[in-house]
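Order of writing sets the labels: A, B, C and D. Residues in every chain begin at 1.
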Amino acid sequence: MAITKNTNEMPFLQIKDLVVEYTSDGETIHAVNGVDLSLRRGETLGLVGETGAGKTTIAKSILRILPDRSAKICGGEIFVNGKDLLKLSEPEIQQIRGNEIAMIFQDPMTALNPVKRVGDQIAEVIRIHNSISPAEVEKRAKEMLELVGIPAQRFREYPHQFSGGMKQRVVIAIALACNPDLLLADEPTTALDVTIQAQVLDMIADLKKQKNSSMIMITHDLGVVAEVCDQVGIIYAGEIVEYGSKEQIFDHPTHPYTIGLFGAIPDMNEDEEWLHPIEGLPPDPTNLPQGCAFNPRCPYATEECRKGKIPFAETPDGHLSRCLHTAEVLKKEANA
Amino acid sequence: MFKYFLKRLLWMIPIVLGVAIITFTLLYFTPGDPAYIILGSNATEVELENLRETLGVNQPYLVRLVKYLGDVFLRFDLGTSYSTKTSVTGELIYRLPNTLLLTIASLAISVLIGLPLGVTAAVNQNRLGDRVSMLLALLGVSMPSFWLAMLLVILFAVKLHWLPAMGVGGLKYWILPALSGSTGGIASIARQTRSSMLEVIRSDYVTTARAKGVKERNVIYGHALPNALIPIITLVGTQFGMMLGGTLILENIFGIPGVGSYLTTAVSSRDYPVVQGGVVFLAICFSFCMLMVDMIYALVDPRIKAQYEGKKGK
Amino acid sequence: MANTKTSTAKKKSHFRMVLRQLKKNRAAMIGLAIFLVEVAIAVFAPALMPYGYTDADYTALHQPPTARHLLGTDDMGRDILSRLMYGARYSLVMGLTSTAGAMFLGICVGSIAGYFGGQVDNIIMRILDIIQSIPGMLLTIALAAVLGTGVDKTIMALSVAGISGYARLLRANMLNVRNLEYIEASQSINCSKLRIIVSHMIPNSISPLIVTATMSVASTIVLAASLSFIGLGVQPPSPEWGAMLAGGRAWIQQYPHIVIFPGLAIMITVLSLNMLGDGLRDALDPKLKN
Amino acid sequence: MTNLSRRDFLKVMGLGTVGLVGALALAGCGDGASKTGTNTGSDSANTGSSENTATGKTVENVVNEIPTTSQDSITFGASAAITTLQPYLGVGLVPTLITYGVYETLFAFGEDNTTLEPRLAKGVQTDDNLTYDVEIYDNIYDSNGNHITADDVVFSFHAYKESGVGLAKTESIEKTGDYSVRIVVVDNAIGTWDDTVRKTAIVSEKEYNASEDGFSTAPVGTGMYAVTEFKPGISLTVTKRDDYWQADESKRAFLASANMDELTQMVIAEASQLAVALQTGAIDLASIPQAVADPFMGNSDYAFFPLTAPLGLQVYFSGDAHSPVADNQKLRQAILYAIDVDAIITVAYDGYGERQYTFGPSAASDFQEKWRNEDYYNYDVDKAKALLEEAGYKPGELHLQILSIGAIDAWSKACQVMQQNLSAIGIDLEILNYEAALYGSYMNDGQYYDMLINNVTQNYLVTAWNAKLGAQNFGGKTCTSIDDPKLQELLKGCLFEENHTPENVDAFHSYLKEQAYAYGLCAPQNFTFAKKEVGMVEPYYDYIGGMYLPCCKYAGK
């Protein structure tokens, strides 16, 4: 079921009913179960959810860099600028990777090749996508380094000579080297300590503005979403359970899981005895519960929630939530 | 880097000295003496005793040790063989090319065939290609090289007369020896490459490379393999040692006048100068090659190079 | 992701877990089966053998495989099948005992170096460097020459030659284990040095040694065979497989079967041990599994 | 592709591979079973060696038409590795092409391998067979034109003595003139003077000192041949010199004859490869071990020259107190009767060999034909059992050890046959298979064994007996520590020029046989095959049984 927020101009990225499964040791893991997304040029979409909810799998399916042995895209389409990436041949998708769509990885310590010079790793993506002279390639690679705040003289050094934050800057340099139209940032700051996080986020934000590229920010940190994203999608067990603009989600969380997420953030100015985690455990991906995946942990769950696929419902303030009891939940939350 | 290389070279001197002393002591306590072998069964005890005196075989341990160490380390003279009276150094230098040629040929074949085999097995893991190559590798590792050598001789030399089974000469003399020498090597390198590639293929920087739009071939050979090389190089180092030993037997079978067969005959005929000289000679070549292996580490992995330059070695 | 499927969480000792993993590995089971069959043959050899291993039938020299002699006869008219069966004893005994010997001595040397570290470790390591710079085969030959020929002396030679490999491996593991907290803990409750080494450090650094040991039983069998192949090690008339191979060399042209069958026997034994070793390695270090 | 589960796949692949290797092996040996080998000639008429049990069988020469012409050069194969060509080394290390062809000695054996003939020496005088005055020719030049004088002779003798491998029984040598020397030897036993003057290679002192590796790769001798090419461990080529110093053919020694212009000796260690080389024509001639001789037996393309080797196998008893055989003549005789020499010939020499009838080679000049029909402990199990009982032992009581070399195939097999023979009469014989070096340091001391297997050969029986049983050679006893004054007395009674008569020789032979101290077993029949084109008519074997090609007779030469 295609969802488009406003239908006047063609969305830059459109994901329709994406289904991805992993197989390991004979068991199949349902990582992504029918995700629909769309993104306009220059916009940033935040994907929020616990680890293992399938956020990274979605990003990797866009670039088709899932480990081809154990992972399989079972269904759905991914349109970028009108082209369905899943139908492209390998050489064609290789043209797009790093050029039109780029990705920033989560753990900088392992994202860079330890035995290759930092400069060469940046130059490589430039050389692949631009037929220009090697001197020109090196010049542009050095520019990228300067852009992310690393002195060009360190061009010939190795990853082990860089700190965590510096390495993440190199990863960002690699991602932005060819001015990608779409940037996939997979929890770019999780592995960094707090002070460095802010610098990196600011850098990503203004580089994005300079190059007018759109971005998908994957994170489980609601603070990051607030600062960077325009649209927000809450993901649970491989499904988008709530989708809307940042203001709508932060001001009127409608889906019980989203409410639970916000509730779990400790409030600085209140002295709380206990934290408020969401009860129960995240579902086992090899044996997902029927109907709404959240029902075992949902205080409002009824029999209906356990039957069939739950459709999106429009919430009073106009964003979408995949819940049958939206009205009842809002009423109860309003007076809590 | 060069400082580390020099330090390791200097460090080889005490090691070679240690090897010389250990070999000398081992041989000193080996029962039996060369007299009978030199004079044959017609010799009487008087003649045998006369030869033992001339060769100085009956002198006490310390006298001979000091004389031997003096010769080797001060005058660089490995002495002359008891039986053939030829200078050991000359003989070893004449024979070394054959042994090194066989060892390096076997090693080269092992790496050139073993490596790609291992990589393809790792890349399409658990598919047909992987199963077949790993089963053949298992067979290759389990086959004793000297038995395989004899099987090849039976088939290609004795039955089909395609290849000469013996002696030294043009290229076709080296096919069978190199083949039997390298089968074990191909198998173990393929297995090691497969397991270290499997570890590396899942790491994040390989995904980063793919995300950069790098072609699959370059991802595997350009990004994954260099990182998988370290354990493979360690194995190639130990393989070199084993092959140097293995060629002792192959030289015996194929009649190649190499250092190996020279030493094995010398050990059983108690030709002390030859054994002592030969072992010291081989130990020097061997530790030099081990040093080369460590240097290759530094080339392949900058972190190890930094470690060498930074603190005092391993 | 806690796996809620399993019932009561049994107390799974590391060892039983490894065994369960090993059972699943088909190749390892085949290897174990072949190995056990060989041990059985070796043990019941006298009963199974169609002929005595020294009975020579001078009318049937170099017979290729016939009904009377399933694998033919050798250059002295002795039945090759019986000699292979009896020969299994030599190979298995030599392979197992010298590996056990080498491992035991290696563990002693390695643990001393591993635990005490500093000067002691340095000296031992330098001695090991010296020993290891003599190519393995040559060291074994020299030791075999010193100790003399015969099964018992060959076992001693192979054990001594194998020490440095195990010592170095154990020392490396011990070094990482040494600075783990539970060693400091045991030191703090003032356990004796020996107790710490034996009951804490060795069990935790032993698993790689087990894999190497299985593989090295196979390589020791080949080494023993090559020793008798060049005239050291086990001497005729005892039917050690390497000696049988050497004996048949002169008759490669007319009677290659004298050479082929002993080699096949060595290969199958080594194959089974390698399969078992692979299985063990995968079981002990699962991340290579899938 | 049907989904072949991982388990079944592995099983199928495993079985398939083992089957493949088995098939490869059987294919390899299947061909061997048909025994046609690869010779082109008609299927060899000889019956497989497995059927007949005839003892000591010999095969006649089948080449009927003798070719009229022969080649000018011969390439022959031999298993001994040639690593050096120096003049003063141990036995068997330097090929005869060098020791007879390139170097020359003062005297040399004639065609009968017994009588000494002058070679470099012109004449010799002696009155007590201890001090000899030798005169040499004055026109001797070596291949580099150096004139050989008495000084060179003295230098050569001293060089050989200092090498420690020879002249143990030479007292001294001094120059008595430009071309004459005086040599004094230790004793006048038969063979002492022969060994002194026929083994010492005479070289020019200047030339020898000039060579930096002591003639190891480029020897300069006065002989008929000069070395043209030498690849250590691979091949050696010698060619006839046209400037040989002795122009007068009648005065030349027999060993100085050179019936072939160029000779190349190839080193081929492996028996099967020697046969393949001869079949494929890589070599023209070779001494082929019995095991691989089938393709050539009765094959008319090859001329065949069998020879019973003088170097056979003997068994000795220890005289040391620890051994039960030391003072028990009946036990020694029981053991000798129990030994089946024909079985040893069948197994150790593949059936091609000959018994020995005394302690030493039958080809020796002082061998007496009548010994062949005496009862030389012919195989008789009942007599052996009876004698064992007389010796005071019941079956199963006695455990003996025999010392042998594991690496020498014939010795190891002979021991295994004796082991079987002795267990048949209730004696448990343990074989001590040692390395050659270890064997060498134990063999001359009876305490290490009860029995010893060894071999000795000289051109005279008495020299062989003296070499192994002469008390002065082994510190007052025989080589196996037997102390028997009567034996020594009888030995001295036939050892010297004046008492070397058949009666004395027979007296010692009978006493030794009676006491059963040492016993000659058997000697192998060596086969030399030569391609017809070589055109060899009559072979010449030296006193140790090695064929020396320059002295053989060729058609048209």
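Definition applied: contacts are C-beta pairs under 8 Å (C-beta built on N, C-alpha and C of every residue); 3 or more make two chains touch, one makes a residue touch a chain.
Quantities reported herein were computed from a predicted structural model and do not represent experimental measurements.
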Chain nearest the overall C-alpha centroid of the shown protein atoms: B
Chain whose average C-alpha position is farthest from subunit B's own: A
Where subunit B and subunit C are represented by their mean Cα positions, the distance between them in whole Å: 21
Distance from the mean Cα position of subunit D to that of subunit C, given in whole angstrom: 43
Between subunit A and subunit D, centroid-to-centroid distance (C-alpha), Å: 89
Averaged-CA centre spacing for the pair subunit C and subunit A, given as whole angstrom: 53
Multi-partner residues of subunit B (at least 2 other chains): 30-31, 139, 151, 154, 158, 253, 268
Touching two or more other chains - residues of subunit D: 6, 10, 14, 21, 25, 28-29, 270, 272, 276, 407, 434-435, 438
Residues of subunit A touching at least two other chains: none
Of subunit A, residues touching subunit B in the complex: 60, 63, 65, 67, 69, 90, 94-99, 102-103, 105, 107, 110-116, 124-125, 128-129, 158, 160-161, 171, 174
Residues of subunit B touching subunit C in the complex: 14-16, 18-19, 22-23, 26-27, 29-31, 138-139, 141-144, 146-148, 150-151, 153-154, 158, 195, 198-199, 241-242, 244-246, 248-249, 252-253, 263-264, 267-268, 275, 279, 282-283, 286-287, 290
Complex contact set, residues of subunit D against subunit C: 6-7, 10-11, 14, 18, 21-22, 25, 28-30, 32-33, 35, 37, 49-51, 53, 270-272, 275-276, 289, 291-292, 294, 343, 346-347, 350, 406-407, 409, 412-413, 416-417, 419-420, 431, 433-435, 438
Footprint of subunit B on subunit C - complex, ascending: 126-127, 129-138, 141-143, 145-146, 148, 218, 222, 225-226, 229-232, 245, 249, 252-253, 256, 259-260, 262-263, 266-268, 270-271, 274-275, 278, 287-288
Subunit B - residues contacting subunit A, complex: 125, 202-205, 207-216, 223, 226-227, 300-303, 306
